[in-house]
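Both complexes below contain chain A, partnered by chain B and then by chain C.
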Partner chain A sequence: MADESNEDREPLLSVRDLTVEFGSFRAVEGVSFDLYPGETLAIVGESGSGKSVTALSIMRLIELGTRGRITNGRIVLNLPGEEATDLVEEPEERLRSIRGSVISMIFQEPLTALNPVYSIGNQISEAVRAHQDASKADAAEMALEMLRKVRIPEPEKRIKQYPHEMSGGMRQRVMIAQALVLNPQVLICDEPTTALDVTIQAQILRLIDDLQQDTGAAVIMITHDMGVVAEIADRVVVMKSSRVVEQGSVEQIFADPQEDYTKALLAAVPRLGSMNDRDEPAKFDLVEGP
Partner chain B sequence: MSTPLVQCIDLYKRFPVGEGAMVHAVVGVDLEVQRGETLAVVGESGCGKSTLANTIIRLERPSAGQVILDGTDISQLGARGMRPHRRKMQIIFQDPFASLDPRRQVGKAVAEPLRIHGEAGQDVEEVVADLFDKVDLPRSVMRNYPHQFSGGQRQRICIARALALKPELVIADEAVSALDVSIQAQVINLMMDLQEEMGLSYLFISHDLAVVERVAHRVAVMYLGQIVELGPRRAVFSNPRHSYTQKLLAAVPIADPTQRRERPRLEGEIPSPVWPPGESPELVNLVEVEPGHLVAEEQGG
Partner chain C sequence: MTAPDLPEASMPNDAAQTKARSPLGEAWFMFRRNRAALFGLGLLLTIIALSIFGPMVHSTDPFKIVTRPRQSPSESDLLLGSDYLGRDVWAGLLNGGRVTLLIALSAGLMTVLIGLLIGAPSGYYGGKVEAVLMRITELFQVLPAVLFAMVILTLWGPTVRNVVFAIAIVAWPQTARLARAEFLRLRDLEYVKAARAMGAGDFRIMTRIILPNASPALIVSATLIIGGSILFEAGLSFLGLGDPNTVTWGLMLGNSRPYILITWWAVTFPGIAIFLTVLAIGLVGDGLNDAFNPKLRER
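Up next, the complex of A and B:
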C-alpha cells in the first residue's frame, strides 16, 4: 500500500480541469485529480459517469478511437528525473512512445483488445519491439518471462496459442502481461474484472497487486464495484454525470462520505456479511440521491 | 412444510457437442421451491445454473428426471400440454433490451402474455396500467418504445410483463446483474415488495453473492452441474461447509476497507463440464449437517 502522506510528494500524473466533448455533449467536465507513485487510485461511478472517457483521455486515445475531443485542461506527466510534460500538448509521435511503455492500459474485454490472428507470444513481443531495440529472440524471451510472472500455467505451450484458445481469465492475464512487459510507471485498468467470475476476479486483483509491489507502478482502477474499491484502493475519485463529486482516502470515502451522491451510492451497495445476524431477506435502506 | 410449488427430482440436462461428447450441464439435481420463498442458485459461469432455470421453466426439455409444478409432472409435456402451466412460471433475463421488441410499444409488450393466453379483454389497457403502477412506472409511458427507457426502467417493464398472468414462480436469471448499483438496489427492493404483495416465489439465479445474501431465504450452490451445498441463507453464508462454497465466499470483495484481509491465494480454474462418450461425472452425496442444510461429501474428509 502506498504511503499516506502525499503532501510532500510529487504527483506522477496531474489531471487538471479536464473537459472532453463529444459534439455538444460533455462526457468529462472540469475533472482534476493527482496520481502518486506506487499508489492505487480508484475512479468509481455508474455507467455514463465519464470514468472510462477520463481513462482514454490520459492515454490520449480519445481523438484516435472515438469522436471525442479534449477541449480543455491539462494532463501533466511528471516522471522522476525528467521535465514535466502536458500530454494534451504532445504530438502523436511522442504519445506513441509513452503509450505501452510509460502508461499502459488494460480493458474489460480481453478478446476485443487482443488480436485474434496473432499468437499470444507474438502480441507481447510486438509490444516490446515497438518500443525497444530488441532482437526477436530477446523479445520472445521477455514475453515468456512475463507469462510466468502473470502465472499462466505451461507458458512455453501457451505462448504459441491464440486468444480464442484461452479462457476469459487467461486472456486477461495475457493482456496484463502485454501491458506490463515494459515496466510502465502507470497502469490504467478499465473494469478489468467485471466480466470475470468472482474467484478469477480475486486471482486477477491479487496478480495486479503483486505486480505493483514488484514494479512500483501506480495504478488507476476504473470500476463500478465498490467492493473492488474497498479491497484495493488507496484513494478514491467518485464521478457522476461527467464530474468529480468527491475524492479522498478510501477510509474516508467509506467511513465518512461528504456528498449526498456518495452516501446514496454506498447505501445501495450490498456488503457480504451484513446479514449474519438475521434469517430473513432485507430490503436496501436507500438514501434519496440528489 | 407444505407441498412445494416446484420440485426437481433427479433432474438431468445434457447437450451433445459432437463426436459423442456431452456437456453435462445439470446432473442429478434435487431441489424444491416453497411458496413465497426466494431460492437463490449461485455458482460461476458454466456451472449449469441457467440451464437448470431453463429446464425448470421448460425452455429446455430435461434429459432425465422430473419437474413437478404444483403437483403435476411437467417434464415431458408437449407444447399444448405445457400451455396451462406456462402461465404459472415466468422468467426475467439479464438483458432487458434483448428481451423487448424494439418496434413495439412497451404497453403492448406487457399486454402480450394476456393476449396469448386469451385474457386480453375490454379492460386490457386498465390491467396493463395497473401493472405499470405495480412496478412504479408512470402510466404515461405505456406508448413509448424500449429505447426511450434506461436499463433499470426496461427491467421494470420486463417485470411488469412477467407479472401479467399472475404467475406463482418468477425466475430471475441474473436479472439485476447488468444494472448500476443504485438501480439494482431499487429493482431488488421492488421485487421484494412484489413478493410480499403477491406471494411470489423467486428462483434467483446469480453469480453475485453479496446480492444473494440480501434477497434469498435459501441458497443452492452449484458446481459442475451439481448442487454441492443447499440450505437456509444464513446457515450457508455464515457456516459454509463445502470447500467450493468457502472458496466462492472468500473471493467476494467486501465493500468495507476496514475489513481488508489477506486472502487465500486461489489458483486454477473450474474443470470442463464436457465428458467423452460413455463417461459421466461422479455423483456427489449430499449429507444433512444441520436442519435443512445439505452438504456434498468431499473426498479426503
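Up next, the complex of A and C:
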C-alpha cells in the first residue's frame, strides 16, 4: 500500500492507534500513519474530521485550553542517531525543547498567528532565543537570514515592522520563517493557505516546497483542498469522522481510490468545462458514513 | 475633500510602509487626538512638578505655626492663609501633594501587582486554580472596603506604609478579575498557540506573550485605581486614620473640618487639590483608553 521507496527506510514519526477525546466525544479514533524523512504527507478530510486535532496531538498541544486528552496510542519520534521516544509519554519540559526546534507548526490564520505587540524580527529572534543560547545580535542575524529565505522583499526594513503593517501572504511567510528558523525535522502545516487568495496560495505552497528541498524536513500538510494535495503531497491520509478512511501514495489515491468517500472528495474538485451545457449549479452527491 | 488631503487618503498603504510605527508610538498618536486627555496630562504634570519642586522653593515646615490662627488669604501675607493653628496652608498643600501622590502611586502599583499575581494564573490555567483563586478574590470583594481598611489601620497603626497596604488590600479584587478576564480572552488566541508551538513555557507565555497584550486594559484600570486611591486616602485621613505625622490633603481636610464655617480656605484648597488631581488622572485614563482601544483606531 505504501510507496515502495519507503519500505527500507525508518519512519521519522509514526503515529499508532491515536485516540483523542474531548470529554466523552472522540475527535480522533485509532489513527495510524507514518511520516518518512523528507516526504510530504497530506492529511485530508472535511471540517470536523479530526485532522487538525491529530496535528495538535503530535505537538502535544491538545491538552491546554481545549481540554482534549490523548486516551490511547503512541506517537513515536525516531530521530536519526537518537533513541526513539514516545511523545505521549514525554514530560512537558522535554516536549517544550522539541516544539519549534524538532517539530514546528504553521497555523491557518496568518492574520492572528503573529503577536501584534512585537516587531516580526523580534518574534523570530524570540523563537531562536527560547531554544538556543544565542545573543540578541546573533538571533537577529538568523531572523534576517530566514526572512531572506522566505523571500520577503527588503528584509532589512521589514524586520522592524509590526504584523499589522503586512499583508496576509507576507505574514504567512513570516510564520514560515519563524517555524523554520531552527531547522526542524518535521513541519506541520495546518491549512496554511486557506485564509489566502489563490495566487498567494500557490506562492506559499511553492515556498514550502522549496524550503523543504533545502532543509530536507518532512512536512505534514493538513488541508481539505485536493488541489493542494495534488500539487505537493507524496502520500495521502484521508480522514472522515475521526477515523482514517484510506491512505496511500498520491498517485494511487488519485488514479485508483478504493473508498467511496475518497472518490467523493475527488469529485468535489470542480473540473474546467464540467459545467458546460448546464444552466444551474450542480449538487454534490451525498456520502453515507464510513 | 480638500486638495492637501488627497495624497494621504488615496495611498494609506504607502504611508504605513514608509513610517513603521510601534504600538506605543501609535498609542501616543491616538492619545494626542483627545484634547481633554492632553489637558489632563498637562494638569497632572503641573501638580506633580509642584509637589516635587514646590517644597524645595517654599520650604516652610507645614507643621510649624508661622502666624496667627485663621488668617484668610486676603488678610495674611501667606498665599492661601493659615489654618486653625496658624500653619501655612500653601506649604501644607505642596508637602501634602508629595505624600498623597506617593501613596496613590504605590497603592496603584501594589493593587495591579496583587491583582496580576492572582488574576493571571486563574485566567490562564482555569479549572481548579481558577476556582480557588477566584473564591479568595470574592471573599475580599464582599468585605466592606472602608470598614476593612479601618480595621487594618487600627490593628497595625496608621503609618504611610500601612495606608498604602490597606488601600491595596481592598482594591485588588477588581484588578484580579480584570486580569483574569484578559488572560482568559488571550490564552486561546492563535499567536499564543503559535508561541506554545515554538516551545515557549507557561511562565514565558504569561509574561512575554499575554501580559503585553493585556497591559492596555490594566494600565487604564491602574490610572482609575490611582485616582480612587487619592480619594480613599483622603477618606481615611478625614476619619482620623491617616498617618498623623505626615501631612496629606486628606489630613488637612479632616483636621480643619470642625472650623469649616470660620476658616473655609483651610478646607476648600485641599479639597480643590484633590478634585483637580483626581480629575486630571481620570482624563488621562480616558485618553489612554482611547489610545489603546483598537476599535477607535483607524488604519
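Everything that follows uses one rule, which is that the second predicted complex is superposed on the first by the 266 of 290 C-alpha atoms of A that agree within 3 Å, B and C clash if a C-alpha of one lies under 4 Å from a C-alpha of the other, contacts with A are read in each partner's own complex, and residues count from 1 in each chain.
Everything that follows uses one rule, which is that contacts are C-beta pairs under 8 Å (C-beta built on N, C-alpha and C of every residue); 3 or more make two chains touch, one makes a residue touch a chain.
The model shown is predicted, which means the values in this text are computed figures rather than measured ones.
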item: Contacts of A:Glu280 with chain B and chain C, given as first, second, both or neither; value: first
item: Chain B versus chain C as contact partner of A:Arg26, first or second or both or neither; value: neither
item: Partner chain in contact with A:Asp197 - chain B first, chain C second, else both or neither; value: first
item: Which superposed partner A:Ala230 touches (first chain B, second chain C, both, neither); value: first
item: Touched partner set for A:Ala268, first chain B, second chain C, both or neither; value: first
item: Touching partner for A:Ser104 - first (chain B), second (chain C), both, neither; value: second
item: In the superposition, chain B vs chain C on chain A residues touched; value: B
item: Chain B versus chain C as contact partner of A:Lys240, first or second or both or neither; value: neither
item: Touching partner for A:Arg171 - first (chain B), second (chain C), both, neither; value: neither
item: Contacts of A:Ala130 with chain B and chain C, given as first, second, both or neither; value: second
item: Set intersection of chain A contacts, chain C complex versus chain B complex; value: none
item: Interfacial residue positions of chain C with respect to chain A in the complex; value: 16-17, 20-23, 187-191, 193-201, 204, 208-209, 212-213, 299
item: Residues of chain A defined as touching chain C within the complex; value: 59, 61, 64-66, 92, 96-101, 104-105, 107-109, 112-119, 126-127, 130-131, 157, 160-162, 164-165, 175, 178-179
item: Touch list for chain B against partner chain A, complex; value: 38, 44-45, 151, 180-186, 188-189, 192-193, 207-211, 213-217, 232-234, 237-238, 247-260, 263, 265-267, 269
item: Chain A - residues contacting chain B, complex; value: 46-47, 151, 167, 169-170, 197-203, 205-206, 224-231, 233, 250-251, 254-255, 264-276, 278-284, 286, 289
